[in-house]
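Next come two complexes, and both contain chain A; in the first it sits with chain B, in the second with chain C.
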Partner chain A sequence: MAASTLAQTVALSRRSVVNIWRQPQVWVPSLLFPLLFAALNSAALGKVPGQLADRFGIHPFGPNDRFVDFLFVATLTQGVLFGSLSGGSELAQDIESGFFDRLVTTPVARASILVGRLAGSAALGAVQALVFIGIFFAFGARVAGGAAGALVLPVAAALLALAIGGLACAMAIRTGSVEAVQGAFPLLFITLFVSSAFFPTVLMKGWYRAVATHNPLTYMIDGMRHQVLYGFDAGQAARAVLVPGALAALAIGLCLVTLRSRLASR
Partner chain B sequence: MTAVGLERGRADHDSLLGETRTWPVVVQLARRSVVLITRLPSAFIPSVVFPVFLILAFSGSFNGLRGANAFDNAMSWYAPLAVIQGAAFVGVGAGFSANREIESGFYDRLLLAPAPTVSLLLGPALATVLRALVPLVTVMVVALLGGAAVPGGALGFATLTLAAMGTALIHAFWCLGLAYRFKSQRAAPVMQIGVFVTNFLATAQVPLHLMTGWLHSVARVNPMTNVFRLGRAGWVEDVRWENCWGGVLALAVFISLSFWFAWRGLKRMIP
Partner chain C sequence: MSNLPIEASGLVRRFGTFVAVDHVDLAVEPGEVFGFLGPNGAGKSTTVRMLTTLLTPSEGSARVAGFDVVRDAAKVRRAIGVALQDAAIDPLMTGNELLRLQATLQGIPRAAAASRGAELLERVGLTAAADKRVKAYSGGMRRRLDLALALIHQPRVLFLDEPTTGLDPTSRIALWEEVRYLNRGLGTTVLLTTQYLEEADQLAGRIAIIDGGRIVREGRPAELKAQVGSPTLRVEVEANGEQDKAAAVLAGFGEARPAADGVLAVGLDGGAASMADVVRALDDVGITVASMELHTPTLDDVFADATGRRLEGAAGDGDGDDGAG
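And now, the complex of A and B:
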């Protein structure tokens, strides 16, 4: 039975990954838009680190005062956040088209339905991280933490993709609507903006700074950014991985509860 | 319908058209569009919520740019961006409405009505100006509550209102022109992207002197840079003519060009 569950999970995971791969309109925007945003921001704000260093002797953008290095993790996080919604959208699409109902009438393990979808999100997140690392390297960005530091990035990205994909799947199971899942996009945008993604929290002020400082994304982003700007640090690496890991555990739990509730109401 | 019937129909249409004045039709079309705010709030609310989020997010995130000699007051710098962006999205809304009505067939009935053709453009244009007042006032109130300074006083509000209304009209005519050509909701992404491209390749985020490389080259010649300068004229310092004339000229030229684009598209739709 265990082997059978594993085989089902692998088959559904494969379907999820192939499904995403065959629809470029799902994954291309989550690669292109963050890169466009990065190109715009690095040209608009590229002088800022140097000016702050010259005028006040502070280095909130890292010891090298290079905005492109600072932006690296922001772009990666942005791409993963927006791309991860696709898992939920696809599940909602399955529900809308009736495929989900047909699937649950078969003797397939319930958990494998979810794991299959989430595997697609996590795989997309990890691949996105690798693509962003390649592109940023081509534009001169470097990971001060070396191979160990660089490894933290796709792992954290995959876990974040799992967390956001899990939340999107929970929404999909609860509402059964692609539109409702896509409606979460502005919330993700706000969550990302009110964090340390695009600007250091030490340069913010008032309530905005308080919210950004305590945003869980800030903990994760700062941990990842430490690997890029300052070098490998085990404590910061743990922060980068454990925060999205905990969020992923919560999201998967929520997903399972929502699935059980949906199946019980049938 | 026979040729004689068609001719008679055209003659009746033309005689009724001669009796119909433009202004009352424009007002009724605008009224209908404004009433839609309450009947279809989901289509309008984002154009208010998004600018409010924009001003809070940008002034909060980039407050530290004061230290990099970008501006003295982040709220004062980003309020005009939020107002102009909000107005642009209200303009895009005119295109969305036209798309919806073309798909539902309502626009065909409008085209057959004995109304002056130009009223089909001026009605949505008037509605756009009226609807753009909502995000304009909302963002200004949020900005003032958030600590924005307006050294230009009443003239500062006037120049920003002019920049916002002009931008709203440009996007309204541009998006109507696109709607007449695409005749479907598929045009929506093209309409929205237009706002981001024109605004963010100008001085939306930071002043020209902070930009580097390709963005500096593009923003320097982008007419929206002049429109932002006009909008910010009284919000970052006292209003001076040298900060305004470029924006007024850019608005006049691009309102004319976008009107022409929409007019040509509308003419092609008339049976």
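And now, the complex of A and C:
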């Protein structure tokens, strides 16, 4: 990468991060609502792990039967999923407002425009993860995997943010519409709920269990959750990182193809 | 093709079956302010978007700063400054931040960018507002910042797409002054699109009038006005029923010209001196004149002569920026 291309990418990334920071309405809900949801879930289902252990001798929520530890990764994933859409919304906003055209009339590398925008999503994802770790620690959650296990969480979160941000950006480039990007929110919501995020797959049944078991989010969440509930495990850590990493690579590729197609069809 | 700052040959742009730009030829001389005048939807913005590499021509070719807009698009982008319609500026950033970003995107080293940015902000009168977010800027301030952003890399060719649309008269005049300085002081070649006759008249050395995607007139404003010929006499008669009779009388003094409803217009072959004869002739047939105005030709007359329609007063109509503007 040429020095000027790197400088351009960094400048666009900085803009993306600064823009997100200057719009609390973008990042506050993706921090608050998952926490609120966690509080509600915890109040409603907090006793379930202990009761399952007492009555049936099973520990689907982890060896310590602590719902707060189980919810930790779900909350983090939920926050990242919802926050990551902002990258796509911001890009669609740039297209709608004409700012994207301003960028395109400069000699900037086309990939820098995308990377700059996605960097904002990744940074938001990583920061969200750190904030959630802090808050959950304050409420008694622990990461059994120690520092190494804890490190897996923001890395996986940032990669998931890149993946979702990439898909949102591809949608933004394709449609040029903020509403269309935000319309993906219910889809993400459903994808999250049909995964192991809020309930262990072993307690599910029928089609729901089948879908949740094969949901890529389940692979990632279970890998992250292993670090929290059982301790650091390299294989599980790889699963936690590689699944969103592969999704991110696919999403960024899709993004670049969509951008090339948009610019070529003008 | 020669090495003119802007040249186009047979430029066509279609959107589906709609032809937005229809075989446009352009040849803009170095150091010229070239005005592209036309109503909304005439094809001005579409032409600019092709010349600035934002749109690919459906047919024809164009070169900007000596480079082909399709084959050498990256080189064109390095040579041009662009201020598009609606001043698309990120409202969350400050003027300073946007100038720094634009400088980086243009590959200007940081130190040079800082001094150049400060100089530009001062020139467009935004030094005091440089650290305020753009969302707090007025429309005029945004336009001036937009211009500063377009100039950060000292482009050889500057495209201004309707730069004063929506501005108050004071801001409009301030922006005109800046364009004059860029052109006369720095020798920048400017292609300016506008739907305002006065703007084209004030700023442009040469004008192309575009309508329905085609250039219908091109030349220096004074030459174009002279081509329209004699001054136009506009007459309103008191009784509606007398319009046909009045038109017959006026026909004796020159050719009828397009005019608003209820108004008769004629190109006075005898010039201003024949006005008294017109009044007498109308009086002789018993027609009472409600009002009478003599207009020396304007660019609106040139437009009307070329298209059969008036541009004046149509500025707020039309389709806006629909890709065909």
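We adopt the following convention: the second predicted complex is superposed on the first by the 265 of 266 C-alpha atoms of A that agree within 3 Å, B and C clash if a C-alpha of one lies under 4 Å from a C-alpha of the other, contacts with A are read in each partner's own complex, and residues count from 1 in each chain.
Please note the rule applied: contacts are C-beta pairs under 8 Å (C-beta built on N, C-alpha and C of every residue); 3 or more make two chains touch, one makes a residue touch a chain.
Remember, it's a predicted structure, so these values are computed and weren't measured experimentally.
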Looking at the combined model built on chain A, do chain B and chain C fit side by side or clash? fit
Could you look at A:Q23 and tell me whether it touches chain B, chain C, both or neither (first, second, both, neither)? second
Identify the partner contact of A:R15: answer first if only chain B is touched, second if only chain C is, both if each is, neither if none is. second
Just to be sure I read the superposition right, which of the two partners does A:R102 touch: chain B = first, chain C = second, or both, or neither? second
Going by the contact rule set out at the top, does A:A7 touch chain B (first), chain C (second), both, or neither? second
Check whether A:G146 is in contact with chain B, with chain C, with both or with neither, and answer first, second, both or neither. neither
Who does A:G253 touch here: chain B (first), chain C (second), both, or neither? neither
In the overlay, chain B and chain C get no closer at Cα level (Å) than 21
Need the overlap of the two footprints on chain A, from chain B and from chain C, as residue ranges. none
Touch list for chain A against partner chain B, complex: 40-41, 43-48, 51-52, 55-56, 60, 186, 190, 193-194, 198-200, 202-206, 208-209, 212
Note: in the complex, chain B contacts chain A through residues 53, 56-57, 59-65, 67-70, 200-201, 205-206, 210-216
Using the touch rule from the top, collect the residues of chain C that touch chain A in their complex. 52-56, 74, 77-78, 80, 82, 84-86, 88-90, 92-93, 97, 100-102, 104-107, 133, 149
Show which residues of chain A lie in contact with chain C when the two form their complex. 4, 7-8, 11-12, 15, 18-19, 22-23, 94, 97-99, 101-108, 264, 266
